[in-house]
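Down below are the structures I want you to see.
Paired with subunit B in one complex and with subunit C in the other, subunit A is shared by the two complexes that follow.
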Partner chain A sequence: MSTKWFGAAIPRRQDARLVRGEGRFLDDIVLPRMAHVAFVRSLHPNAALGAIDAATAMQVPGVLEVVSHADLGEAGRPFLQLLPHHGLASATWSALAPGRVCFAGEAIAAVAAESFAAAQLAAEAVAVEYRTSAPIIDLESAQRPDSPLVHPDIPRNLAMHMVEQCGDVEAALRSAPHRLKERFRITRGGGMPLEPRGVIADYDLNRRELTVWSSTQEPHTVRNTIATMLGLQRHMVRVIAPDTGGGFGTKINVYPEEILVPWLAMRLGRPVKWVETRSEHMLSATQEREQIHDIEVGFDESGRLLALKNVFYHDMGAYAPRGGAVPHNTSAALIGPYRIPNVRSEIAAVYTNTATVSAYRGAGQPQGVFVIERAMDRIAAHLGRDPAEVRRVNTILSDAFPYDTGLTNLLGGAVEYESGDFLGTLDKALELADYAGLRARQVEARKAGRYFGIGIANYVELPGRGPWAGGGVRVEHDGSVPVYTGAPSQGQGHETTMAQICADQLGVSIDRIKVLAGDTALIAHGIGTFASRFGVLGGNAVRLSALEVKEKILRIAGEMLETSVADLEIEDGKVSIVGVPDKSLSFEAVARKALRAAGPDGEEPGLEATRYFKTSNITYSNGTHIATVEVEPATGQVQVLKYFLAHDCGRVINPMIVEGQIMGGIACGIGNALLEEHAYNSEGQLQTGSFMDYAMPRAADMLEIHMVHQETPSTLNPLGIKGVGEAGTIPVPAVICSAIEDALRPLGVKINEAPLPPFRLWKLIRAAAKAA
Partner chain B sequence: MYEFEYRRPASVPEAVEMLRDREGAKALAGGMSLLSAMKLRLASPDVLVDLGRIEGMSGIRLEGAEVRIGAMTRHAQVAASAEVGKAIPALADLAGRIGDRQVRNRGTLGGSLANSDPAACYPAAVLGLDARIETDRRSIAAEAFFIDLFETALQSGELITAVRFPVPRSAAYVKFHQPASRFALVGVFVAVTGSGEVRVAVTGAGPVVFRAASIESALAREFSAAAAGAAAVSAQGLNSDMHGDADYRAHLIPVLAARAVAQILERQG
Partner chain C sequence: MNVPISIKVNGVERQAEVEPRTLLASLLRETLCLTGTHIGCDTAQCGCCTVLVDGDAVKSCTMLAVQADGCSVTTIEGLAQGEELHPVQKSFHDCHALQCGYCTPGFIMSSVELLEKYRDLDEGRVRELLEGNLCRCTGYNNIVQAVLSLAAERGRT
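And then the complex of A and B:
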């Protein structure tokens, strides 16, 4: 295979239409006779529902229907558990709240009307009778025997209790020369796509066909769930994800609204649209990150870790649509690039009366990295050693791969790093940052009374999660090449990267290739775009399909040119005999031949293949981030000054896209480190219902990022790709907090939590001053 | 948003008439707060009286030792005004840092003052500079204008027409952002008036803009950043929310006042 296109920094194909405002998003779709939906959402976090009175609402002009759970029949049963985890006490949501609500914001009733304004007005007029109970919000007390219950049938609110271990932690801790104990806390935030969620459904009664548009990362999963919940055959349901204004994990789940809106369309016999308001997004879309970790580490004089014991609480929120995926990821990400012979990781995942927790860019991994990296800094401080050196003595060496960490991933397999050069990224990042120079600068800054800090964090990402993805390739009779897949792009750039892979494998220019994605009609099966997986799995599926098509092209061309396939080569859309470039056939000619009945014996018509790439494992990317900050102790304000990183995501399909993914990831990470926080009060009411209180990073919070790519091919797929979508986000809270603690070392401030908006950091500084 | 009637008067008397006419009528003076509240269904006026087309309600004039700014003057106009930039650079600077570009091009001085948001920037300048608020019927001193949270001395249907800012010897405004809204978590306006009086007005920290007496007297004794920074401000009655409790706000007031004083002294070189 030539690599003319793979590895090239080709501008993303979707950007022109998106930056000109010419994308076609869900709310741009308008169907004739379309009805609009507004939801009645619970005001209380924990309540049994009494009468739901819609009499007044039905009087509002334009109202078509008001429905609650009692109207739904079979469609109202709880969703199936998507990831039935061993030992999981599963609680899944329903299309509308079934007799009780588990968080403030849960949908209780839906109003369909001729306009959204009428639907909204009527929704306010629906009277709901609540019998409220005390909510459980605090995840630490959720497990206590006297705690209120989120789900009456799940004792102690315990969704999942899991222990992962290797070696003998207790013995290793007992004999370790040094031990440290710490408690770390990461607070809840949420994905904030520019475009909120939305669904349109249109049912053709005569054809018995349901078409659904959804702003989703997983159209096939939405299709499968709709078919199951509404009693339809899968082939009767088509789900399309149009241009999507961001996902970040917030759109991976099949939400209640994605069942309710199609159900309403079938009931009303007309198209129905629902577009989430920002307030609804804040209240009812999934959130993530809240965890409390109690860790103990044992280490020797050089800082080498001998044992790591970690017990953590994970907040599941109200429901578990995807089992225990997030806390399991935290556990798997905990040991990062380090050799730790004795590990014990215990998870207690609890339900609380808050919005459901599910994956948000990084999906549990930022927390795991935060914990181990804060521990590395503490070990360094305890021993008076350089934090980079303590990391170095613990790093897995390049000759140790494949390296079995002794832990399991959420698919049940071993967390086994297939390949890597972990010291490579550490050294490259230190060099890029001029680490020694930074330390010298710090000495000067401290002399001048300034609080300048250097943070460092390593990570191993768990991208490319199986089990499979599909991608089809076709050569049309005019020589054009559609590539098709189910997984939509929310900014990842499938339109470009899949074309690059196909172009090289097939031997055509990228200009002939058009990538179609995000429609269940394109391909029978799909899983979706999440967990930094599609480049790895979809890319390799497209490779398989392109190779199969290429073989057929060569067979047909061989007959046409009366020569052996071994003597043929393909370049730039032409098949020619090696050494006789003037004797060649265009793709068009081969494609026409393939479609004619008079094609070669035994060949079926057409040039087309749809293959699936399957893997039982996860690939492992890694990297090292370094940041410098200056802290203003008088206000608690942190300024991130410079940012350096070296990362390795295996072979890079498109460096420009990888850089974009990393930079966007860092923006998200800066939010997680310094700004973004969803807060509930003790009554279970969200305090951050709008961007007036939920702080997002803005353009001015971004900074110049210096990065180097290191390419250690994955050994788990022929293209050697590892995945990168979350790599930018995962280590950022760790590296920024590392830098803040380093900056405030003269004041003795310990950073055990994220995020750190100014007020919270100021409180830590003040507490340290009082203690001193 | 609920249904409402939209009206667009051509003169101040016509606007006052329309506002008096109907109980649920509300003046629209840019709408940067009101429209958001309506979209969130927190406000539901029956009638919106849009002041945007009334001639003579916007504009900036230097009148002797005062800068007169029409109530419907946009923040961006104040920020870009050569007169304001020359006479009261701190006011132009404040206006240029309100909200974002869109807000500065729609929001107005009069709208901001009539709303009296506890975290708005303009009230700090009005109180700090001892400005006078002119309405369709009278002239109100800054001290008497701001009453409480979203409450001013304006009577029902009374319209601000202009604000007269006395030109100070020097002034500076320092704002510490609430991280999400970027309103002032605390904003401190320090002015040395034409007669040499030191005034320190604080926004964001309390339910309504107020003067920090302890800092004013410290600065009257010694006009230095250190003096401002060392003054104690009580947390009593100050705002508390997830972005800062009363102690944090009280702590920030002298910190920011010191920075404002430093700016003034630096400019005087």
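And then the complex of A and C:
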């Protein structure tokens, strides 16, 4: 197989329509007789619901229906638990709040009306009787016996308690020459796709078929959940994810609205549309990152880690639609690229009366990396050693792969790194940054009274999550090649990368290929786009299908040319006899033959295959990031100066897209490190309900980025791909905080938390000055 | 009570009767079916709905349709000449300055305005001038590059 397309920086094929404003996003879809929905959302974070009075609301002109949980019947039961984790005290949401609310913003009632304006007006007129209780907001005190309960049947709000260990941590700590204890904290933010969520449903009463459009990362899961909740057969439900304006994990879960809107469409007998406002998104879409870690490390004179003990609290928010996936990821990401013989990681995940926590780009991994990388810096400072060198002595060497870390991943398998060159990315990043030069510059800066810091962080990403993904390939009678997959794109560029893979495997120009995705009618099964998984699994599924189609093309062409398959070759959509280039057949000719010649004794008609790529494990990407910052101690303002990174995501399908993923990921990480925070007050009210309060990174917050690629193929799939979607984000809070602490070393400021907006850093600087 | 208005949209005179509260963004999207103008927030922060009103980049969610009466509005759909992309659209494609494409129309309209209005554009200035638009996918650098490459081209001619 030639690799003409795989590995090339092919310009994105989906751009042509997107730059013209011809994308078709959910809110662009208009159906005849469409009704509009607005939700009545809870004002209180913890309350039992009394009477819901819709009499006034029903009088608003244009209102069709006001429904609450009591109207829903079976459709109102709690959702099934996805990823039921061992030991999880499950709490899932319902299409509308069932008698009580667990966070401010939870949907209590829905209003359908002729226009969105009428629905909104009527929603404001619905009177809800609340019997409020004190909420529990603080993560740490949620477990106390006297804490208010989020779910009355879940004692001490404990969603999950889990211990992962290898070796003997206590013994290793006792005998370690040096020990350090630290507490680290990361607060919560959100994925913030620029397109809010939205659902449209249309029920054909005669055919009893339901069609749903949703701005989702997982159309098949949405279909399956709708079928279950509404008592329909899966094949009678079709879910379409149109062009989707970003996901970042926020759109992986099946939300209450994705059941309620189809239910309303069936009840009203007309199409129903709901498009989330940004304010609603802030209140009710999933958020992530809040954790507190208490760690203890034992190490020797060289900085080599002998033991890592970590107990952490994870905030689940109100519900656990995806079980314990996020905290488990944190635990699995904790040791990164390091050899740590004795590890104990204990998770206490608790419910709080806040918006539900679920995966956001990195899904628990940025926290794990933050903890171990802050520890590396502390060990270096404790021993007076260079932080890069302390990382080096701990790094897993290239001859150790496959390397079993002794921990488990969220699928229950071992966290076993299949391949890698971890020192390779460290060395490449140090060289790219001219690390020695930066240290020299720091000496000069300090002499001049400036606070210039250098941060460094390694990471191992857990992408390519199994268990499977599908992709189909067909060669049509006119030689065009549709490729269809079970996972939509929210900007990742599947339309280009999947075409690149197919083009090489099939031996056809990319111009003939059209990638179709985001429609359950295209392919029976799908899991979705998340966890940097689809390039790895979908890419390999497309490869399998392309190879199967290619085999059939060769078989049929062999008969047509009366020659053996072994003597045939395929190039650029033509089959020819090796050495006899003028004796060739076009794909069109073979495809037509495949349809015409199908008979009782021959091949089945057509050139088509749909295969699924299965995997038992996760792939592991890795990299090293280095950042330089300058801090203004009088204000706490951090200026990130330059950013360098070396990363390894296995074989690269399209370097332009990979670089784009990393740069975008870094922006999300800069938000996590310096800007973004979803804050609740002690009454459980969100203080950051709009983009005016929630500080998204803007163009001026981004900086010069230099990167190099290293390619260590994955051994877990034939294409050698590892996945990259979250790599940009995962180490950023760690590297920026490493740099800030380094900059402020003369002032003795310790950085144990992120994000660090100026006021918070200023407080730390002032506290350090007072202590000194 | 509806109000009659007359707006030139992408070079074509359009008449409409609108409720006074109708936002320009709603008029464009719902009445005129120009869905390339997107809505990403409800506080005039994201810039997804940016269009040109008499040459100025305006967040169309902050302007009433009746305020645009008599104005000339250009939306993302009005930039390309048939098959030929506007230079800013082409530059965004060439520089991989978009991923999901939701913020892209707004960024392109803001970029068209700033390239039109400002002669001495350097990186810092472009970053500052794009302050009104949010992007969650690209990390902005390729967007800044898309604008700067056009500014540099202009400098050469």
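One rule holds for everything that comes next: the second predicted complex is superposed on the first by the 767 of 772 C-alpha atoms of A that agree within 3 Å, B and C clash if a C-alpha of one lies under 4 Å from a C-alpha of the other, contacts with A are read in each partner's own complex, and residues count from 1 in each chain.
The working rule: a contact is a pair of C-beta atoms (placed from the backbone, for glycine too) under 8 Å apart; a residue touches a chain by one contact, two chains touch by 3 or more.
The structure displayed is predicted, hence computed values, not measured ones.
**Student:** Putting subunit B and subunit C on the same copy of subunit A, do they fit or clash?
**Tutor:** fit
**Student:** State whether A:Gly665 touches subunit B only (first), subunit C only (second), both chains, or neither.
**Tutor:** A:Gly665 sits against subunit C, while subunit B stays out of touch.
**Student:** So, A:Gly23: does it touch subunit B (first), subunit C (second), both, or neither?
**Tutor:** Only subunit C; A:Gly23 stays clear of subunit B.
**Student:** By the touch definition at the top of the document, which applies to A:Phe759: first (subunit B), second (subunit C), both, or neither?
**Tutor:** A:Phe759: touches subunit B, not subunit C.
**Student:** If you stack the two complexes on chain A, which partner ends up touching A:Ser279: first (subunit B), second (subunit C), both, or neither?
**Tutor:** A:Ser279 sits against subunit B and subunit C alike.
**Student:** What is the contact status of A:Arg12 with respect to subunit B (first) and subunit C (second): first, second, both, or neither?
**Tutor:** second
**Student:** By the touch definition at the top of the document, which applies to A:Met692: first (subunit B), second (subunit C), both, or neither?
**Tutor:** In the superposed model, A:Met692 contacts both subunit B and subunit C.
**Student:** Between subunit B and subunit C, whom does A:Ile396 touch in the aligned arrangement: first, second, both, or neither?
**Tutor:** In the superposition, A:Ile396 contacts neither subunit B nor subunit C.
**Student:** Can A:Thr635 be said to touch subunit B (first), subunit C (second), both, or neither?
**Tutor:** first
**Student:** For the overlaid complexes, name the partner, subunit B or subunit C, with more touching residues on subunit A.
**Tutor:** Residues of subunit A touched, subunit B against subunit C: more for C.
**Student:** Here's one for you: vertex at subunit A, rays to subunit B and subunit C, all C-alpha centres; what's the angle to the nearest 10 degrees?
**Tutor:** After fitting both complexes on chain A, the angle is 40 degrees.
**Student:** Considering only touches as defined above, state whether A:Leu121 meets subunit B (first), subunit C (second), both or neither.
**Tutor:** The answer is first: A:Leu121 touches subunit B but not subunit C.
**Student:** Considering only C-alpha atoms, give the closest distance between subunit B and subunit C in the superposition, rounded to the nearest Å.
**Tutor:** Closest C-alpha pair between subunit B and subunit C: 5 Å.
**Student:** Quick check on the output: what are the common subunit A residues between the subunit B footprint and the subunit C footprint?
**Tutor:** Touching subunit B and subunit C on subunit A: residues 279, 690-692, 696.
**Student:** Show me the residue ranges of subunit B that touch subunit A in the complex, using the header's touch definition.
**Tutor:** Residues 1-3, 40-41, 176, 179-181, 242-245, 248, 251-252, 255.
**Student:** Quick one: which bits of subunit C touch subunit A in the complex? Just the residue numbers, please.
**Tutor:** 29, 34-43, 45-46, 48, 75-77, 79-80, 85, 89-90, 92-94, 96, 98-105, 108, 124, 126-128, 130-131, 133-144
**Student:** Using the touch rule from the top, collect the residues of subunit A that touch subunit C in their complex.
**Tutor:** Where subunit A meets subunit C, its residues are 11-12, 14-16, 18-25, 27-28, 191-196, 243-246, 248, 277-279, 490-493, 656-657, 659-660, 663-668, 690-692, 696-700, 702, 705, 728.
**Student:** Can you check the complex and tell me which residues of subunit A touch subunit B?
**Tutor:** Residues in contact with subunit B: 117, 120-121, 124, 279, 634-635, 637, 675, 677, 679, 687-688, 690-696, 757-759, 762-763.
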